[in-house]
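Look at the two complexes coming up: chain A is in both, with chain B in one and chain C in the other.
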Partner chain A sequence: MSIAPGVTIEVVQRELAVAADFAAAAGLLVDVGQVSSQKPSFTVTFQNGKGDCFHVEFDCQDYPLYPPTIEFVSGDRSERGTARLYPSGLHPMPCVCMRYNRKAYQERGGPHGDWRLVDWRLPTAQGVAIDTLAMMFSDLESKIRQSTGRMA
Partner chain B sequence: MSARKALPVVYLPEALAGETAALLASFAQRGPSEGVVYWFGLEFAERAVVTTLIVPAADTSEGRVSTSAESNAEAIVEIVGTPLVYLGQAHSHPGWRVDHSLVDDRETFARFDGAISVVVPWFGRYGFVLQDCGVHRHVAGQYRRVERVAEHLRMIPSLRDLRPVRLPTQP
Partner chain C sequence: MKQHEVTDAANDQQHDKGGPPHITLNVQTPRGLWSLKEPPDAKLRPRYPISTKVAQVIADARSVFGFVEEDSKYTLLCGKEVLEPQRTLASYHLQDGVLLVLSVQGGNA
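The block that comes next holds the complex of A and B.
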């Protein structure tokens, strides 16, 4: 099952407009230069408490039916998914091990065989649902802010 | 730290614990901000029960939460004329650290002996998991983090439906 690219890009752009408030408050750099209906992806630059930068790509293909694929990339985008691009404290796969990351699902090679992609908007454990780009920014920001270095 | 007999154990219904966490998480939707929820309830000699949550009109403009005398007064006004008393508060921290900061010790609104102050990690986003929270009690003029949490704060059920087969509730 897939979703029309026009729907995805409209939802992504609408949610990015809301997430811009969070990004501005948190000092995040959102690069939407690549966003198009053919390639609905963008990157966000976060910092940890020591000022180290981490670049995160959100590939929103088929969003919001499915969550984005979230991957750490190098500043020049030439390297992706390696441990040294990840902050310490995340899943050692390496992976953002949350329902809002398509990479976390076993059917996409991730650790979670107990989650279903279509249920990605469900709250984790007793918590709140992380089901918008703004909430994803917020969750990642607090995780990365707490990290003290890189995974490798 | 052990409980003094004079300090009632605070009982927190599960539903209000979850609601506390959700309210704290709501502070972090537009920016990376801590949040605060005041707990009110009924107090008896050895027990107190949280019955009511009040979110003060807090200033979160710098990512930390602070409340003015006016906003605290507004919260108290809500319980005037009821048997409820102010028991303490929960506030959130951005990460997993749940110790009171010096600012928390100094500026928490509830600063009376017996007041309870719970720090919820990760902005409350992952719910109210008691073993992950930092529970502090105001004793002899200052806050101290308690080790034997059950002597100070305990969860109680809010609802149990024990029917083997349940029909969906009407909207």
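The block that comes next holds the complex of A and C.
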């Protein structure tokens, strides 16, 4: 099952408008230069408490039917998914092990065989449902801010 | 009228009689901005005596935007600085109209 690219880009742009306010207030840098209906992806740069930068790519193919694929990339985008690009404290796969990340699902190579992609908006444990791009920014900002360094 | 609104009204009167000064905050959350005007239907507004604890601001922001889940982490930030819940607004020497951020972290898998 997939979703029309035109629908995805409309939803992504609408949610980004809201998420941009949160990102600006939280000091996150959002690079939407790559966003198009054919490639609905963008990157966000976060910092931990020490000022180390972490670049995160959100690939929103088939969003919002499915969650984005979230991956840590290098500043020049030439390297992706390696442990040294991840902050400490995240799943050692390495992976953002949350329902809002497509990479966390077993059918996409992730650790969770007990989750279904279509249920990605469900809360984890008794926490807040991370069901919008702004909520994803907030959840990642909190986790990265608390990290003390890189995974490797 | 909710308890906090009653309290705030009382504090305004107290301020007029020489009580603690007040501060107006703007709080950006992942569900929108909380200010004197936004969201339009908010039952609470972010204007506080400076003796108010940060924890009260967090609780009120959560209430306005329906962050009812307890198994999440809520943090109020001023720039990169984490505001400790048990400290007062006065202890941070915040400027009137300052923009704060309510960071919300979901539960862990």
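Assume the second predicted complex is superposed on the first by the 152 of 152 C-alpha atoms of A that agree within 3 Å, B and C clash if a C-alpha of one lies under 4 Å from a C-alpha of the other, contacts with A are read in each partner's own complex, and residues count from 1 in each chain.
Basically, contacts are C-beta pairs under 8 Å (C-beta built on N, C-alpha and C of every residue); 3 or more make two chains touch, one makes a residue touch a chain.
Quick caveat, the model's predicted, so the values are computed rather than measured.
Taken together in the superposed arrangement on chain A, chain B and chain C clash. Of the two partner chains placed around the shared chain by superposition, chain B and chain C are both touched by A:S142. Judged by the touch definition given at the top, the superposed model places A:D21 against both chain B and chain C.
By the document's definition of touching, neither partner reaches A:S74: not chain B, not chain C.
Contact with chain C, but none with chain B, is seen for A:H112 once the two complexes are overlaid on the shared chain.
Legend: residue contacts after superposition of the two complexes on their common chain; A:M98 is shown touching chain C, with no touch to chain B. More residues of chain A are touched by C (comparison of chain B with chain C). Judged by the touch definition given at the top, the superposed model places A:V128 against both chain B and chain C. After superposition on chain A, the chain B segment that clashes with chain C is 57-65; the remaining candidates among 3-11, 57-65, 111-119 or 147-155 show no clashing C-alpha atoms. Counting contacts as defined above, chain A residues 21-22, 25-26, 123-128, 130, 134-135, 138-139, 141-143, 145 meet chain B in one complex and chain C in the other. In the complex of the two chains, the chain C residues touching chain A come out as 28-33, 67, 69-73, 75, 77, 79-80, 99, 101, 103-109.
Per the touch definition, chain B reaches chain A in the complex via residues 18, 21-22, 25, 28-33, 63, 94-96, 122-129.
Taken in their complex, chain A has these residues touching chain C: 18-19, 21-22, 25-27, 47, 49, 91, 97-99, 104, 112, 123-130, 132, 134-135, 137-139, 141-143, 145.
Taken in their complex, chain A has these residues touching chain B: 21-22, 25-26, 123-128, 130, 134-135, 138-139, 141-143, 145-146.
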